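Each of the next two complexes has chain A plus one other chain: chain B in the first, chain C in the second.
Up next is the complex of A and B:
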């Protein structure tokens, strides 16, 4: 199980996946906006989306859990 | 001059190149060059703006800094004070270009005004040039704002040239939480330290820090909001028009202007490189390595230079996030450029 956390505080601009989706390493999963910059959050490894804890327009803090991968 | 002014306006609107300044500057350039309008004749509207707000009182750049301070979160600098060194290193280009300009025949005051372009800080460039070499104000201001807008184009090749892929992939720890007490103490400490060392920097550094104190103390939210919005917007309008008004054709269209643009670009490139190189040198002694790309963010183009550092790092490692770490030297660079301007004023203002 792999946990993907927010690398910096910001706002979730776009969610590109849904629970159950199969993803590959480096695939963009969501877009985090910080300092008016769009930062893609990518999959660190292949897997399946087990949990998605955020929605678009949510504000997140550093190290907040965003996605859990199987 | 009409073509140049309209080109700046078009670049600002279509490419979003520093539109808040380049639109009024471009328009000021156009109207000051309308024959027989004489807008810069004593008593006329642009003369009044320029004479009182810049020439006589030089009040606009400090007011801009008041707004900038209210908009800036100094947390990344407080969380990682080493980044102050990177912000200072990025001022090296200012001094290299100062001496280079002297070799090309510029006076000491003109050379300082050209060198400060390397700090990539528009208000500081205007503040210094209007006191040391007002005849160069238009050219240096347009150069400074143009290079700030071109940061995403100018910096990446230098960053890739001076770093290895391994260095660009260095991951840095996330920044610690900074307490409210630290954020309140910071502007007070910086003001006392910098302004006691370099009193001439007080108008800029003092205003930057009082704006920041408005933001961080939490009890003057009205003042903070006004500084971030209405005040800085009004000042920006006057500043842009005044800068544009200093560019009648007979002053701007000279060989000297080309030298200023070339030297300003060199200054900016040297500043980018020196921040990068200091980060690499620091890594020889640090156990926790710094990604040297954040050194390039020591130029004061906030937050553009930080975004560029993040973009370049992301190209080599899609899981490397250095944006917040890059904000440290980026913000420190603003203080560093203001201090450099203060040093020049101390030494060269007669």
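Up next is the complex of A and C:
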């Protein structure tokens, strides 16, 4: 199990996956808008999306859990 | 045979020295998952190459002679990757490798000797701190660096004439801390600690409740202070990392780094390099992917990857030649440089300038992370310091503007008028004082929408590299797919110059920490 956290504060611009999706390492999962940039949040390893704790337009803090990967 | 008995006794004595602090202490060291100093030296060096000095040295305290073989420090010469080095290892099995007069004299004299020879020095640290009661009393303290009026200084200095490497392999205090802070390259093994004082003593003195790990575990030193350049999973990994670091380095500052064979598949991804850079100007991407496409396969050696992550500082090879890469990382804070990143940049400039490693700058940053927090961390001083260092770099510098290069950030990344020997842009470059969208808001935000859009688009257009290339502030705009070839040509030109790119090392005496 791997948790993916927000690397910096910002707003979720796009959610590119759904719960249950199989993803591969490096795949873009979310786009976090911060510092006037669209920052892709990528999968650190292959896995399946177990939990997704954010929706589009949600604001997030640094280290907030966004996704749990199996 | 004449002197047979004396020779026999000598051999017996040396055999005793080889078991260091004794089997019990060796077992305790192994139980911690750590190797002994002699095992470490054997694994670090090419097999059988160790030539020891000071094997018969021991404590000068009455009655301690037999309990202090080598007096807690083992040192001598050897080879790594077939090249001559000096090596020193703290021997934790002898009184926790604490510093005493003889211990100190061994290290002092040896450092002096290898400075004179201009050889790389590898220091494998464990334990340390002052030895009690040796240093007690006015005679104990004033004689603790017994060799002379200035003899303590070598403990802290590194004139950057030959690479100095420090490994932190145990619970390190005192001497290993100074060796780490003075070194050109520091690696820390996970599970070890590095701090000025030990938690056990602090519990007695100031009733501290924290541990050595809290003060100087690898996360503290690699992520927060940046004293440590790399962390190692275990001791074998540590030796591998040191060997790899040395492969990028010359033996000393009068030589060029060695040229290596170029792996056949190097540059195979250059054709697809534009797939890494998003077309949308506000979309972040991983700069490591761009770097890995350009450099020789498997040659990236990252320094301080966990500290000041908005700037990447990596050693690498292009066409078999060592280069020092400074690159912005848009994936972290949009590439906006913070004070940690500036410290990291200054240190890296000092390293590359001292060891004749040409610098390559890859721009994509909106500038600096500003604001009250940055001011409290002396952002102005850090910017000035980095610029001062850059102005004194005498190794060749190449600057490539990949995407954003704005304001002071353009100068800090060795852009036009900040001393690049070669400076070009990709067609995707945006160069301006401010981000054009921000500038449009500031300058014409109050205008009617249509007029504002026209002016904003004009500002974005003008930030393209064409106008600057037209005035020869940029030497060229290159097809990104030809970046590797461009750099190979540049390195060939540098190699043909007088001295082949050996610098004047004006930064050799700059601090190692900022």
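Going forward, the second predicted complex is superposed on the first by the 70 of 70 C-alpha atoms of A that agree within 3 Å, B and C clash if a C-alpha of one lies under 4 Å from a C-alpha of the other, contacts with A are read in each partner's own complex, and residues count from 1 in each chain.
Methods note: a contact is a pair of C-beta atoms (placed from the backbone, for glycine too) under 8 Å apart; a residue touches a chain by one contact, two chains touch by 3 or more.
Remember, predicted model here, so these are calculated numbers, not experimental data.
In the superposition on chain A, no contact is made by A:53 with either chain B or chain C. When the two structures are aligned on the shared chain, A:7 is found in touch with chain B and with chain C. Of the two partners chain B and chain C, more chain A residues are in touch with B.
With both structures placed on the common chain, the touch criterion links A:62 to chain B but leaves chain C unconnected. By the touch criterion defined above, A:36 reaches both chain B and chain C.
With the contact threshold set out at the top, residues 7-8, 34-37, 39-40, 42 of chain A are in contact with chain B in one structure and with chain C in the other. By the touch criterion given at the top, residues 7-9, 26, 34-37, 39-40, 42, 44, 62-63 of chain A touch chain B in their complex. Of all residues in chain A, those touching chain C in their complex are 7-8, 34-40, 42. Within the complex, the chain C residues that touch chain A are 280, 282-286, 330-336, 366, 435.
The residues of chain B lying in touch with chain A in their complex are 174-175, 303, 306-307, 310, 314, 318-319, 321, 323-324, 327.
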